[in-house]
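Below, each structure is written out as structure tokens.
In what comes next, chain A is part of two complexes: it sits with chain B in the first one and with chain C in the second one.
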Partner chain A sequence: MPDMKDEDIRIGVFICHCGSNIAGYLDMEELSEYAEKLPHVTFVQRNLYSCSEAGISEIKKGIMEHDLNRVIVASCTPRTHEPLFRSSCAEAGLNPYLFEMVNIRDQCSWVHMKEREDGTDKAKDQIRMGVAKAALLEPQEPIMSDVQIRALVIGGGISGMTAALSLANRGYEVVLVEKEKNLGGMLNQIYKLAPTMTDASALAEEKIRAVTGHPNITLFTGSKVNAAQGFIGKYQIDIETESGIKKIDFGVILIATGASVYTPEGLYGYDGQRIITQLEMERLLKKGLDQGIKNIVMIQCVGSRNEDRPYCSRICCQTAVKNAMLIKNQIPEAKISILYRDMQMYGVENEELFRDSKAKGIRYINYDSVQPPEVESDKVRVYHALLGREMLLPADLVVLSTPLIAHEDAVEISQLLRISIDENGFFLEGHVKLRPLDFATDGIFLCGSAHYPANIREAVAQGLGAASRASIPLSQGSVVVEPIISVLANEDACIACGLCVALCPYGALEIQKTEKGEKVHVIDVACKGCGCCAAACPQKALDITHFRDRQIFAVIEAGGAEAQ
Partner chain B sequence: MSKQFKPKILTFLCNWCAYAAADSAGVSRLQYPPTTRVIRTMCSARVDPVFVVKGLKSGFDSVFVGG
Partner chain C sequence: MLDVGRHPNIELLAYSEVEKVEGQAVDFKVTVRRKARYVEEDKCTGCGACAEKCPTAVPDAFNEGLGTRKAIYNYFAQGIPSTHTIDADYCRQLNGKKCGICEKTCQADAINFDQEDRIIQLDVGAIIVAAGYDVFDPSLIPEYRYKEISNVVTAIEFERFLSASGPTGGHLDRPSDRAVQAEIAGLEKRVNKSQRALEKFEKKYEEGSGEFYKKYEAGQYKDDEDYKKWADKYAGHPAIVETLSTLKRKVETFTVAKRLAFIQCVGSRDFRFYPFCSGYCCMHSIKEAIIANEHEPETQSTIFGMDIRAVGKGFEEYKVRGGNKSGISYMRGRVAEITEGPDNNPVVTYENTHERKVESQEFDMVILATACAPTKGIFELAKILGIELNKYNFVKTSPQSPVDSTVPGIFVCGCAGSPMDVPESVAQASSAAERAAEMVFQSQSEKEKAVA
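Right after this comes the complex of A and B.
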């Protein structure tokens, strides 16, 4: 098709009215008359709604009746409608990559509603640019790649164990890597879980028993991932275990590395004895409290929502309220005050727990971050922001609610697997709403507090969700990749300088020995088609299919020319 | 000076961010001058410096890269 003769190119242009969304603001007649005069355009049709069943069948009819080999739809945005029109082309027997979309609604009629003439001129230019691109389009075939039916789960806390079990129960082979000697993670240090007050160690034991006894799960404790390469379907991982390095291939990877609790060194006189963290409080509760403790003060937002850590750790409010209730169970006459900035007790059960705690006599005192409480030898001084006066609270025990912070290993793992972390060091999902458990890199998934502080219930839900996401490529056995990728268009020009290899954010390029010497090689399935390699290549040896240099040049030239 | 100068701006927009933003400007009916001509790329990193030069040589008055 690239060497198709110029006169053989037959472009059909379908111009959508989108009801009055486009037709109300642009001169549609002028647009279609203009499109008819453009090179290679053999058929132009206006439709009320191109995406309706009638519109789609008109496109298919146009392709077949007018022997079209390129199709343009000038309508809304390719971000929502390109897949639909591509598949319509395919149904009519046209390769879907011989389709081009021109946006004359979202980026034209809707934003130039009071400039009919200039808006119509813009739409004419955009259609001319689309025609220039369409003439140079090439058919593409989807890229298929096999998937190694095995999952790697990094992290043996509650979310990692849940994900591993979920995948193993579906019949997939799972390798679970845990850095510590024991599974269970944070769960091992917690006493009881809100809001049901289930025993944390009982839950941990149950999960650990299921994981260790599962025939589909291979467990490496005291181990870590220390080298990784590859892409979805074929990740080659080196696991450093107690019995040496194991080299194993995986189709998918789940990150469940959890988070750490911030130790408030130097804050509020923290000493780990009388002034402790909520996590240390859990340990005391587990042991059973000294009955001599009568007055307890908890301080919220210690080391969080400040300049260093601007985020809210989200689970500390519920932890504080839960622990206050558990203290009341052990020492009913204890006086407990919780000094807070804002209470985050989201969800039905948490709100109920919050109400119950007030009924049990737990006091809530609002403080302002500009005037934080002061911990003295046996009391806490706090300015009650709502009452507008200072209070002195006796304190046998001061409990500081510190945030979960990103795990120290997160940076290393993010570099090994080329996955993103955010400004606070937590792993960053592919899309906050559309891909909350995926990474931008295909085949790697995320669950639990590695992403952001999560309570057990959320960690479990995310573990199940990530396992479900990861099981898609595993059950398919192969992955289909959009064939908009980098290609070595001019092998002779490549000098194997490696600039593209260093720049590629997806690890999709490598230098290989060939008969012509060292040359770059594109790993099709790993490439996302971003094109940074082609833009950077000093030899212009690389190009991007569907966005080739000559295609973009033609579009630029067409756009720069004046409308006739 | 009979006619007011209307610049013609060649605009490269990344499919995943700036192009999406331009779409949502449309959804919100935010009005702006009809002087841009848009080329969508799969990433702003696709924009070769040569494209910028080519744009200026082809008749555009300026080039905008959004990504």
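Right after this comes the complex of A and C.
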């Protein structure tokens, strides 16, 4: 309502006692007398509990009887109560964004329990600032956008297949894109899976059968995504398939592109013959080991937990222990030593496997990273950090445990979809703890080793979890976004410099051609209203609704004004 | 929590327990006991005025018993729902004494001393078990002397010490020092009481206590009960004052704990208790050591562990950074014993496995990284649900179906299934929700097919 005349603005201020939480420490009568004198304030009321049924009906009654067009509640905290008061305004016919909350409990009475006078003065300041903002509030309508009920899963390993199957089982149409000719990913190269020693290819085959036979899954192998645009609910994707480009729309995208195994060129004399990686060991085990192999040495942390690759790849210890056990099954008299820094056998199942392996006679030798083992022609020289002496271990075969590294395609995919990768090249989740399967960008989800090295249990769980996250917009059929977003308030000022586009963490801005030349365009459903763009815009062309510059300036000015 | 409390599709039944489950996947009938709070959920606004006025202090379970709360309470400040609850074990009114202060204080008229447990029935398609875990009780390990040495605490207790909303307001005051402070507070009360008693006698007999005592000792007063009391009070008074001032002088030398020892694998990777690795404890010790160092930059921490298992995304980097920037050193080895040295300082004896030496070191405080123990209630719950537990008493699952229990339609996530950290728990919660949705959807479409 920018064109609303000043004299038409009618603000109602409801001051909450919160039992005695506020009224016990501040002078409520003084506050309400003060509020009555503020500009545009036409109605002031005090409530015992504004949030109680009685309090809410008083607010609604106030709006209707006094023809209020702005409402302020001065009370506890917006953290818990803003949604309630907003919806109460809406029920009384007032646009919910014409509501403003003033926090005089958490930010005032609770911190000034022993300063009644000063606390009351501060609450007056807060109410005066709230009134200044309220006078400039504008009604907003929630932004709605339809969701294309179709999911794209990129990557056909165990995690991607699990996610695709789960979504398909729930009745959603799924397109699964796999770069290789065959599904299965890393499973195809693995012999058996810890801790149950399940056959990896049997599990892969079972999942592949289910995927290929599923009526809701369209499969493109030997294919890749080569162009993408759009936002949650409306992603337009070009898939380069063996039979040409397919243009398909999707509501959501799941990234399950996995990881690669690091090849330790130049480390410990790696030659792929006598000195091999754990992945090559899997192949040998699959074929059946040469019975002449009697002495095997495994070295952990080859190419990880160092300056180049500071991270721990999480699953290499379990892989080594598992393979050592499998070697023992094929050659019971084999002598196996595992040279380690820390044995990362976290959890219930891994630790159990670790214990069992010791019972089978597998030897563990602790080495220090500053004094790494040396591989010689037929033996390995290692300083045993716990015995305090050097040991010479005969070695027919040396197996190097190398980390999983980010997939080479990760960078390209991150650029295509405008999603982030971390310093190690793995995809970066929305929040380390609270949103492990989401991206900051809405509508795109993450599972398996594309996120971080994962074992079979973790990859399956994450596949299911990402499917669950992705199913939320699919099941709702539309997305509703809170209308506190960036807007191009001054189109003429925009010089299309692109700074905001580069800074936006959510991919919500793009440069478009308009009649006035190139201008920035806000994709409103993708915008989170963080304000990065508006703060950075050198032309002051962008503004955030509900937190416009002039609203904030009015609050600051009111804050600096003396209480009368 | 806030999102759960506010979501239109979630009916939150806090302070309730499942009593019976009948039926099968897609069609479970669940009996739930909603325990009496003695507070009407729809009236209570969570303002907390009742708890402020309640006269009964109770050990605060949320602060690991380190502080107190009232008999009417909200489990913790941000708890959802914010509905308060009366602790029937401690409430004066509910135990037949005269009180009812909360009822008079509550302006929302929410207190109801006559409330009873209610039994409700739910029809649900799927069940997700997210019953969590218990913290291992380290007093079962005699050589660590938890509870005997006051400055040996568990990691979860230490969390409360580090927290701004905890019993020490985020300062690392040692429990032994806090005990002295508590003793001082008690003595101050006694001194004041004794002072008031003496003043009362002085007023009654219009004579100074010193004067009186001299004469009393000289036998100038006849043997009277009242005089005897006065004399005893006067004679005992200097001793209390003296003890108080000694303690006060002692307190002046107190500083916050700056030398910390973190002991890993307390109850886990231990054949006497839990042979498994709890997975998350290495990281919480590193985190606590880093936060302690942020609070007080002089803090030096030693983490004693067999392997430091920093295996999650960014964890190894965090561990190394902790060593470089937050005064943490990592000592490979298992701690053999904790004894008490001078000034209530715990002394840790361990094998330095890299030097092959048995060493002892004195610390201000020792923090025990306790195992993730299966929750006590899981046995009863497993029986009610008919699901199997594994040999360690976590809900049984398989690596290929990580959130499926042994009963179709019943799923598990988080530490009820296996020890895990926050990101993994959050991811698994989505996984379990997905399996539940998948199962319910498939059964519906099968039904539709059957009808068609």
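The rule we apply is simple: the second predicted complex is superposed on the first by the 385 of 564 C-alpha atoms of A that agree within 3 Å, B and C clash if a C-alpha of one lies under 4 Å from a C-alpha of the other, contacts with A are read in each partner's own complex, and residues count from 1 in each chain.
The rule is short, and it goes like this: a contact is a pair of C-beta atoms (placed from the backbone, for glycine too) under 8 Å apart; a residue touches a chain by one contact, two chains touch by 3 or more.
Since this is a predicted model, take the numbers as computed values, not measurements.
Of the two partner chains placed around the shared chain by superposition, neither chain B nor chain C is touched by A:480. Once the two complexes are laid over each other on the shared chain, residue contacts for A:502 go to neither chain B nor chain C. When the two structures are aligned on the shared chain, A:202 is found in touch with neither chain B nor chain C.
In the superposed model, A:532 makes contact with chain B only, not with chain C. In the overlay built on the shared chain, the residue A:305 is in contact with chain C alone; chain B does not reach it. By the touch criterion defined above, A:227 reaches neither chain B nor chain C. Between chain B and chain C, C touches the greater number of residues of chain A.
Of the two partner chains, chain B is the only one that A:77 touches; chain C does not reach it. In the superposed pair of complexes, A:385 makes contact with chain C only, with no contact to chain B.
Across the two superposed structures, the residue set of chain A contacted by chain B and also by chain C is 79. Residue ranges of chain B in contact with chain A, taken from their complex: 6, 8, 10, 15, 19-20, 22-23, 25-27, 29-32, 34-43, 45-51, 54-55, 57-60.
Every residue of chain A that touches chain B in the complex is listed here, in rising order: 77-79, 103, 105-108, 110-115, 118-119, 121-122, 125-126, 129, 484, 528-532, 534-535, 544, 547, 549, 552-553, 555-557, 559-562. Every residue of chain C that touches chain A in the complex is listed here, in rising order: 2, 6, 43, 45, 47-49, 52, 82, 106-108, 269, 275-277, 279, 307-317, 320, 332, 353-354, 356, 390, 392, 394, 398-403, 418-420, 422-424, 426-431, 433-435, 437-438, 441-442, 445. Taken in their complex, chain A has these residues touching chain C: 18-21, 48-49, 51-52, 79-80, 83, 166, 169-171, 193, 195-196, 198, 203, 305, 310-312, 314, 342-352, 355, 366, 368, 385-388, 422, 426, 432-437, 451-452, 455-458, 460-462, 464-469, 471.
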